[in-house]
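Got a structure here, written out as structure tokens. Questions coming.
Letters A, B, C and D mark the chains in the order given here, with residues in each chain numbered from 1 onward.
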Amino acid sequence: MAQEVQQDNNDHLVKSEDPEHPANLIPDLCRKFYNWGWVTGTGGGTSIRSGGHIYIAPSGVQKELMQPHNIFVLEFPTPKYPPSDRKYIRKPLALKPSACTPLFLAAFERGAGCCIHTHSQWAVLVTLLVEREKGPEGCFEISNIEQIKGIPKGPGKGMLGFFDTLKIPIIDNTAFEEDLTGSLEKAMDAYPDTYAVLVRRHGIYVWGDNVAKAKTQCESLDYLFQLAVEMHKLGIPWVK
Amino acid sequence: MAQEVQQDNNDHLVKSEDPEHPANLIPDLCRKFYNWGWVTGTGGGTSIRSGGHIYIAPSGVQKELMQPHNIFVLEFPTPKYPPSDRKYIRKPLALKPSACTPLFLAAFERGAGCCIHTHSQWAVLVTLLVEREKGPEGCFEISNIEQIKGIPKGPGKGMLGFFDTLKIPIIDNTAFEEDLTGSLEKAMDAYPDTYAVLVRRHGIYVWGDNVAKAKTQCESLDYLFQLAVEMHKLGIPWVK
Amino acid sequence: MAQEVQQDNNDHLVKSEDPEHPANLIPDLCRKFYNWGWVTGTGGGTSIRSGGHIYIAPSGVQKELMQPHNIFVLEFPTPKYPPSDRKYIRKPLALKPSACTPLFLAAFERGAGCCIHTHSQWAVLVTLLVEREKGPEGCFEISNIEQIKGIPKGPGKGMLGFFDTLKIPIIDNTAFEEDLTGSLEKAMDAYPDTYAVLVRRHGIYVWGDNVAKAKTQCESLDYLFQLAVEMHKLGIPWVK
Amino acid sequence: MAQEVQQDNNDHLVKSEDPEHPANLIPDLCRKFYNWGWVTGTGGGTSIRSGGHIYIAPSGVQKELMQPHNIFVLEFPTPKYPPSDRKYIRKPLALKPSACTPLFLAAFERGAGCCIHTHSQWAVLVTLLVEREKGPEGCFEISNIEQIKGIPKGPGKGMLGFFDTLKIPIIDNTAFEEDLTGSLEKAMDAYPDTYAVLVRRHGIYVWGDNVAKAKTQCESLDYLFQLAVEMHKLGIPWVK
């Protein structure tokens, strides 16, 4: 308790007039994601790395109502496991840290500046279609759609081209969000060029070098998933 | 008339600067629900229990235009039947009390702090699909979707897990909304763990321990109904 | 020209601080209708009758940008034909009167206080489905859906019940909007209880005793059309 | 570098209190297009010609966050090729000019006052359906839908009628946006009456005599594409 009170003394970490400050950006992003239907029912999460700190949206909060003072702050680097060893330097009283934390940390360890987790229905539907068409090992693949150019080819490799095939790995869901960390990292290792991992029957993790890239890559992927579902309904294959 | 004038003297019950006051929350919620398409055409309703009072959105008002002074206030507990015996302590002149009132009261008697009624099309469509696939006794069931974790397992039992099967009972619609009360209560008794009852060809009643829980449970259920309709179109079963 | 300048002297007819004034309500309604996708591309229109005046949104204006000073004002009653005989008492310079005018007048002559015309895609799609299933004489019919209760049974007859069958006549489209007037009036005569007429491959005219009724009836109908299209996709009949 | 600093001295070109100034209109339009889902993930673009200047939204910027000072300004006429010869009189530091520039210029050379490029999914889906049904040479055709009247018959020819058939040419996509210019111009020559060209698996270019016309024509076309996809799902042909 004493520790938490002390942590709340770090309120300066989330108070800023700068709209680009992570503690202001996270609530802004969450309001947008809520309006797209990606994080209703308190689903999903968002995290930003900036200046040796990780800023994380709390667990269980209505995303469109989130405020800067709801944000958790972690030192980075920090241990992913066990949770009790994570170096929180700000922990809002009465809120719980996000179960997505170790997954966000996995992205930050690979150089990401921002990581977004949504429960987008289009993402869930493509995982279901891939499972039925290609089995549990299949990944999502699409080609010859302009919006693919919104996704990087891989770190330092520029953006995908129109004729390239975008591949997003899919991992199985687990009972507890934190238990996804191992398979998320395995997928990151198996697909070193990917900036996103789909979670079957659950949603997606998308990251990027900074907030703008993570957010616009998340938008481009969601566009592609929605288009892919509609293409499937119309009998049009995803890869030309 | 004299009685109503006197009741309007209780305007202090719906005047507050606090955005968390029920008389301010109900119009806010209704605006959001309108934008999701859940309460267009004056459909649906919302009610909050707080401090021995029940606050209820009126009947027949455009939901996105509702104002705090439109809110009815009832003492709680209060008789469900007959309507004339309900202990209104504030009754806006020129407005009619909601026909959903006895249904909201049924939820409050079981400990709810907030009850929401929507005409969501996704809710209506799943009732139609269940009726055709399983007959009039069937309930809605879905499993192995992350968003299920947004719904409680039952009072005091924590949240459902990913591998659990969410079951929402469905009752038949009646000519008059108030006449749903008996079958709603029967469904509440038959499914003591449920926080929602679907009404065939009509919509849904969702409740929760407080406003945030009722609202986010309503969002999670609607997410699941929309996903279920899309899964059905794609030939993917709801229960794995 | 001189006449038009004089007409603009009647600017007081559209200047009011009262948000319920027709010249303020019409732009508000049009912004909402734009966001529902009912009046994009300058499609559709809205008109209100109040105190011996008819207020009408102009032709060809972006609906979400409409301003009170864009509103035309007509005396009522006024001749429907020829257009040159209509008694405009305010005609904004540089704007054209709405081609929907004689259709709105037909509704006002039957006692309406507000008439709304949208190009809702759901309305268009149900006209196409009805034509294919029932031929050019068919009307839209739906029953056993709660939202039907948002539509009146007929003037002075109360609202439709859940078990009633809502019937909306459908007329053929014509090359020029004004030429719809005759068949609209015929449909009004053949269906004296209706508050709406669908126009095949075009949209819908909905009216009501006042603004709130016309607008919420328009919302309820659109809800039913969208639901009907989705029911059709799922193979569920509209009439039980 | 020195040159860019000098160019930024032309900030007065994008600073205006007038909401109708191109540097204010472009961000407004982009916010609307973002909300329709046409330009998420930094896709799409918008350009306005006014008084010998071309105002262009930059490349790679989040469309809903665009600000007047992000706008590029070109002299008009200006060479389309090579890019280095284009006469920028304002080039925001740290932003890249839009790859759509030569395509916008092609529309302006034909008299357009505004040109809009979106990645609308409905546009992409109709290009896929046309390709499958009519082969790579096919164009999009639809008739007997009221909203067709929102599209001009051709320069100086008035608007299309309800019984006319709207035809929008479709060109193949290329690896680089700028490389579309040749085939866009060929399509403009082959369809001298068109105000839009679809790009297969990519989106659409729409232009108009001024901002209001380009924007409302873009809305009308998108309405028609969405309706066409839904008609296809319901088995209803696009041309009567």
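Quick notes
In the analysis below, a residue touches a chain if its C-beta (ideal position, glycine included) is under 8 Å from a C-beta of that chain, and two chains touch if they have at least 3 such contacts.
Please read all numbers here as calculations on a predicted model, not as lab measurements.
For the touching copies subunit C and subunit D, the fraction of interface residue numbers used by both falls below half; the interface is of the different-residue type. One rotation lays the C-alpha atoms of subunit A on subunit B, and its angle is 90 degrees to the nearest 5.
Per-chain CA centroids place subunit C at a distance of 32 Å from subunit D. Look at where the CA atoms of subunit A average out and do the same for subunit C: the two points lie 45 Å apart.
Residue positions 233 of subunit B are each in touch with at least two other chains. Counting only pairs that meet the touch rule, the chains in contact are A-B, A-D, B-C, C-D. Residues 144-147, 150, 161-163, 212, 215-217, 219-220, 222-223, 226-227, 230-231, 233-234, 236 of subunit D are the ones that touch subunit C when the two sit in their complex.
Those residues of subunit B that touch subunit C in the complex are listed here as 37, 40-43, 62, 119, 121, 124-125, 128-129, 132, 173-175, 199, 201-203, 229, 232-233.
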